[in-house]
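Quick heads-up: structures coming right below.
Next come two complexes, and both contain chain A; in the first it sits with chain B, in the second with chain C.
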Partner chain A sequence: MLDTALAGLVNGSSYALLALGLSLIFGVANVINFAHASVFAVGAMSGWWFSVDLGWPLWTVLLGVMAVTGLLGLVINLVAVTPLAKAPPIAALLSTFAVSVVVDNGAQLVFGPETRRFPALLATDNLGLGGLRFGTLDVTILAVAIGLMLVLGWFLRATRYGRAIRAVAQDRDAAAQMGIPLARVQNLAFVVASVLGGVAGVLGGMYLNNISPTVGSTVGMSAFAAATLGGLGSLPGAVAGGLLLGVVEAFGVSWWGGNARTLITFAVLLLVLWVRPSGLFGKRSPLAAEPMTGTFFGAARTVRLRPWQVAVAAVAAYVVPAVALDDYTVQIGVQVVVYAILALSLTLVSGQAGQISLGQAAPLAIGAYTSALLTTGTGLDFWLSLPISGLVAAVLSVALVSPSWRLRGHYVSIATLATGLLVAAAAVNFDWLTNGPSGVSAIPPPTLFGAPVSAPLAVYFLDLTILLVVLLLVVRLRRSTLGRIWSAIREDEVAARSSGIAAAEYKSLAFGIGGFVAGIGGALFAQQYGYIDPSVFGISVSLLALTIVVLGGLNSPLGAVVGAIVLVGLPEALRMLEETRMLTYGLLLLAVVLFRPQGLMGKVAR
Partner chain B sequence: MTVLEVQGLRRSFAGLRAVDGVSFGIDQGEVVSVIGPNGSGKTTALNLVSGVLRPDEGRVLFQGRDVTGLRPERLAEAGLSRTFQNGRVFGNLSVAENVLIGLTPTLRAARPLARWRDIPVLRWLSLLAETAVALVDPPSVRRELAEREAEVESQLDRFGDRLRPRAEAAAHTLSYANRRRTEIARALASGPALLVLDEPTAGMNPVETAEVLEQLLALKAAGQTILLVEHKIDLVMRLSDRVLVLDAGTVIASGPPDEVRNDPRVIEAYLGKRRPAVRP
Partner chain C sequence: MISRRGLFTAAAGVGATAVLASCGRLSGEQTAAAPAPAAGPIFFGVSAPLSGASAEYGKIWRTGFDLALDEINGAGGVKGRKIELLWEDTQSDQKQSVPVAQKFAGDSRILAELGDFASPASMAASPVYEKAHLVQFGFTNSHPDFTKGGEYMWSTSTTQQDHAPELADLAKSLGTKQAVYYINTDWGKTTWKLYEEHAKKSGYEIVHSEAVQADGSDFRPSLINGRDKGADVLVFIAYYQAAALLTQQAKNVGLAQAKIALPSSAYSPQYVALGGEATEGAQLIVRFHPGDPRPQVREFVDKYQKRYGKQPDDFGAGAYDALKILAWAVEHSDGTREGVRKALLEGKEIPSLLYGPFSFREDRRVTTPKSTRLVVKGGAFTLVGA
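Our next item is the complex of A and B:
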């Protein structure tokens, strides 16, 4: 009991340090810094390097890590946040997301992808107090964390720059009028936040005992949940949220096992968003109007192809693989098609209705599991399982996301992110249904006129046909009254509602149709591989889908297809390694957001 | 007949009483203006009336029906249209599409089963029917759209040659004054029982302001009921049947324009002490 609580507090203090940084940055720059999780990872990795390779003692390790991550924070701000200060919030959200992918996978290239043992710099079980066993390590972690929080509190209250940070967080415009140098204060906030994040990395690494370059994303997401739990922007909230989440997780893990950790974290996060989105201590109302995409993407008109051009392209898509391509290349084509379907679902949700989803892997996974379980478990025919998969995915995505409709902007994206992660965690934990981490195998191929569709070319034709149907669906919806209503919500939700548009219902509808399409894509995905497990539907899939549509032009259905060819087809054809591929995605996304926000298939309106 | 009746509205923001016990009524065909210094709670009052904000206390009756706390889309459907102080147009939609959005409450064929919308779960029947109609695009929908597009033309005509030549331009490319015009056209399109305008001439030059005044006078002559927040006193005096003066969230005077203009409390609180600032 007590030792579980203590373990929770110790782990939670890493969350608290990270959450402090997230909230500090949110307060000052009004940006949710997705790259903050990577700061943790870099802190852990460089801490490992300083202590193991260079053999430094703990206190110099901490100082070294602070220098490294402080610098990293500065770079993140200068590269990904400051240049987009005037763009709508979605821009910085995507760019920091991109930076996190770049840093994580860059670190993977430098340090190698394997998990390393973090050295036992301190004893873990040498002290006791009234029957409670703990180690110097626990004491040190808590002491360093609490010490840093006190220093931060002092810094913010007693120093000139600290007070400047608080002033900017309270009212940016007023602070600017008072002559506070915003740019310098923002730099400082990023450095301070990242120093804390780096220390959290070392402490977290020591506590977890082993680290890998991807450790940041799991811990980072927990920190994210902690910051939201405490109330984004509130520093006492971040500390309380971090410690509370740590303790809740510790008890959950002791009752249900280690896999339950992520499930608990994201269930907590979603619950907070549903019930009390401003968090335990939050003052800012997350309900204020804040158009997420504005004219950023849309200042583009999409390139329109003439009907004959579309027809030629469609015919070529059927004929060329049949006559000119080998099986391997056709299989790549199948992947491109499935990702194009997934991307089109996002074109509706994010491009048309303006709700940026960071969790579109959720309906994909739900569709894939539904189809896989129905066809293997009950022997249901694939063709029947297909619409059912779409339907289940649609219903569940609406049910999970729509309680967040009173929120806007950032918070919707957080809710979708949490949904995506929750679904993946559920697939791991609900083994009675999903067979847990080992997944579902021997999924039978679909049959058509009694013959199995399993040859690459046959699968390709099937998937391509469905893609064309989906494409037609999306294009027709865009041109209808419904499409115009969604556009109005995307452009300005408050004005749309005052024009008689029930925004929440239409957003649910967009998520429903998007979920249906993604669910269909998931069913195809499952049948195509014949095997699925939870790891297939991680956050990288959601990221890839979003990158595809942003690259192609968020509001362009054809762009989704072109984006899928470029991002899925090319790397596969070039046989790129996983790490280099993710690194490339990250760099591309960053470049598109910084330099060509309208995407490949959009042209700038004049 | 009373179109709008407001009783004892209150709303605070973090302890600040933005609107503190405001009551008034508007009769059919009346133009009522709300004036008062910056920060006196005018916009907040409009937000409470139009459902954008919920009141802490008080009631709003619209056409005899209690609409307190109703969502803004419901109020719009019931016939209350508004514009916003800072001008909110749909930037990437064309001017014509902006006005077309204003006609959403009048759509029947494109929004089947709209009655089901108020019922949880069953509202999905209506949403799915709307999706089906959007995909199939039957003749009834096309006919309706053609009618509405004609209606948009006539709305744009209201502003002479200001908007007509730009009907297909994206709203974010418009001048400030034209955005305001687009917004007014959007609000008027559905033929609202009450038109609510929040500083419609903010940022306009005298010529443009005079133009808006003419248009509002024409609307008034046609019997349109209007609730107006405006800083330009001359416009208010010429247009209004009654004027309400707000200060620090409370009504300090109300009555016909001439009376209010000469009321010592108003001169003290408003005209004398702090001259109304014309926003850039």
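Our next item is the complex of A and C:
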């Protein structure tokens, strides 16, 4: 018991270190910084390089790493966050995600992908308590986390710059009017947070023993959970959240086994948010939260195509692949179509109703598993499984998201993020239902007119037809009364509620219909590959779907299709780059978010 | 102005024509691929993780492949033609391995395919290769079902069916109370099932078993469970990274006295490099080890060591061997895709680094010789008893 708790505390203090930086950046820039975990990884990798290849002692290693990551933080802010200050918060979130892709893959190129041993610059097993051996290192990590929390707390309270940071965090516009140099304060916050991230990287590297350029992603999601748990923007909250999460995880793992860890992490996060919507230590901002999608739509209009243009495009979508494209390209086309369907579900949820979902892989997974299990387990026909998949995904989507209606601002999107991860973790853990990590194989192809639909072109025709139906549905919904009600909620929820609109119910409806569409997409997805497992529905799928709609223009159904063509096609078009493919992809993604935050199919009204 | 109805009719007409025109492609039967060109280089497709979490294995493959390519092409190639590889990055993700398979299938220059790294990524792509009559040589795919995907799925990997019982026997020889930790991937779970089956049949005592996260970093709570149940031998069904972490952390929770047994996928110099002193005394079963006295192995290890400055591991040797076997198959074929499969099917005494001369079984796998036991001694792998 005691040593399980201790092991949890030790592990939790490394979450706390990362969560501190996340919280600081959130407080100042109001941005969820997806790149923070990558900064951690760069800290660990450069620390390894300084100490192993250059043979530096611990204190110079620390200084070197602080310089590297501080600079990296500054660059991240200048390149990816500051230029988007006026864009909706969702744009900055996606740009930090793009940065994380760039940094992770860049580090993999610079340092090589190998896992390596981080030298133990501090002892790791010279102390003991109740059967558990730990070391100076573990005590140091805990002390550094608490020490940094105190020092930062003092800095924020007692110094001029600290007060400026707090003022900006409380009210950006008022702070600017009082003459606080916003740009400089935000730079400072990023540098400080990233320096912390670097220190966390060195200590975390020693603690983890083994590191690789992708080490950030492992710890990053837990740190996210810790920061949110404690209350975004609260420093004591970050530390308390980290430690609490560490201990809860340790006991959870001890009782339910190691593979339940992710499930525990995000279940705990959701439960805490449902009870305390602003985290343990978070304060509810007296100011009405700006919607994640921003008040952007007023300025952006979607490009509208004439009916004959749509008709020509639709016919071309059938004819061109049949006549001019080889099976490989058609196979990519199938993926484009499925992602377009997934993105259309977000056009409803995020574009129409203004609710950002970072977990749309959840209904996709639910739909895919429902269809796969029904067709393989009970021999049900694919065509019957299709609507059932949509319905199950819709019901579960609503059930999972509805407790979040008490949440506001970023907490809603983090709750959807947690939901997405939770569903994937459930697929791993609920062996009896989903066959766990082995996945479901030998999913039969659908049959049409007595013939199996399995050749790439046949699958493409089938999926494309369903896409067109979904597209029609979404367009019709947008123009209906329901669509207008969703728009009203998106533009001003308070005003909408004052006019007697039951906002929570209508938001649930948006998630329900969106879940249905995504579930249909999931069923197609499962049939297309004939094989699914939980790893297919990772967070990258959710983020890709969201990027597609943002790129296409959040409010434009056609944009979702165009975005899918670009973002799914791009990694394939970059194939000749081999090792630098994902790096280039990340850079292009970043460029797109930076230069076209209103989307390809949106135009700014003059 | 064209009326809507007219527009629709026209569209339907064009669509129907296109559908009719593409009827052959809809039925699922691949029209015979264009014949492979008879001159110029011979190509093999490689479906591999070059980025993402498994990228380091793709990199190790490259070392083995490059060495084999230099040997083959240095000696004049196959049938007087050079061999070249077409690499495609899949991140070992089935969302990407399927389109890559489609790409290879449509490229008539390609005579055979190597990979993918993880069995799920390979198995998702198998139907495409099967339809294209293209040999899919999944030399790391230990999933028992991989070669059941069709007549074109071949593998030189040991299956978990052979491997898991040997691992259980190894653990039995080290202690009486086993705690087994397996990574929660398809591979880990399958190996564990087969392990458990064998252990039950043989009456071995397993005091604790637990699935752990393959990319996890903190295994202490799980290890404490095993410690509290009095385990004296720990079995880590994992790749070398997780195995190294588990080994280290076992020491931290007071399991320093427990013996450690590992499968061959943990076999890599990296295991010792990452795990440090804690790995001392750990035992593994392997199919390949660089200390093997066979002259062929000695020559390979020397070349590898010279070129890369380190000893080859199981993945590097496996990649080298796989490419050599495919080159042999092309040499003994009529230079077509079908010919490659026939050569593998009919080949007797196929030369191999890992197994010596062998032939494939009916299930397109290799009858693996009894594996070797290694122990970590003074920071290096040595034969047990040596």
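The rule is simple: the second predicted complex is superposed on the first by the 508 of 606 C-alpha atoms of A that agree within 3 Å, B and C clash if a C-alpha of one lies under 4 Å from a C-alpha of the other, contacts with A are read in each partner's own complex, and residues count from 1 in each chain.
As a convention for this text, contacts are C-beta pairs under 8 Å (C-beta built on N, C-alpha and C of every residue); 3 or more make two chains touch, one makes a residue touch a chain.
In this text, all values refer to a predicted model and were calculated from it rather than measured experimentally.
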Which superposed partner A:Asn11 touches (first chain B, second chain C, both, neither): second
Contacts of A:Tyr531 with chain B and chain C, given as first, second, both or neither: second
First, second, both or neither for A:Asp3, with chain B first and chain C second: second
Chain B versus chain C as contact partner of A:Ser454, first or second or both or neither: second
Per-residue contact with chain A, leading partner among chain C and chain B: C
Touching partner for A:Ile501 - first (chain B), second (chain C), both, neither: first
First, second, both or neither for A:Asp492, with chain B first and chain C second: first
Chain B versus chain C as contact partner of A:Leu473, first or second or both or neither: first
First (chain B), second (chain C), both or neither touched by A:Ser542: neither
Touching residues (chain side chain A, partner chain C) in the complex: 3-4, 7-8, 10-11, 105, 108, 112-117, 124-125, 131-134, 208-210, 212, 214-215, 217-219, 249-251, 253-254, 257-259, 261-262, 307-308, 311, 314-315, 318-319, 322-323, 326-328, 330-332, 335, 428, 436-439, 441, 451-452, 454-458, 461, 529-531, 533, 535-536, 571-572, 575, 578-579, 581-582
Sites on chain C touched by chain A in the complex: 2, 4, 7-8, 11, 14-15, 17-19, 21-22, 25-29, 50-53, 55-56, 58-59, 87-89, 91, 93-96, 98-99, 102-103, 105-106, 120, 123-124, 127, 145, 181, 184-186, 188-190, 210-213, 215-222, 224-225, 227, 241, 244-245, 248, 251-254, 270, 273-276
Of chain A, residues touching chain B in the complex: 283, 294-295, 298-299, 473, 476-477, 480-485, 487-488, 491-492, 494-503, 505-506, 508-509, 512-513, 605
Partner chain A, residues of chain B touching it in the complex: 14, 50-52, 71-73, 75-77, 81-82, 84, 88-93, 97, 100-102, 104-105, 107, 110-111, 117, 123-124, 127, 130-131, 133-135, 137, 141, 145, 170, 172-173, 186-187, 190
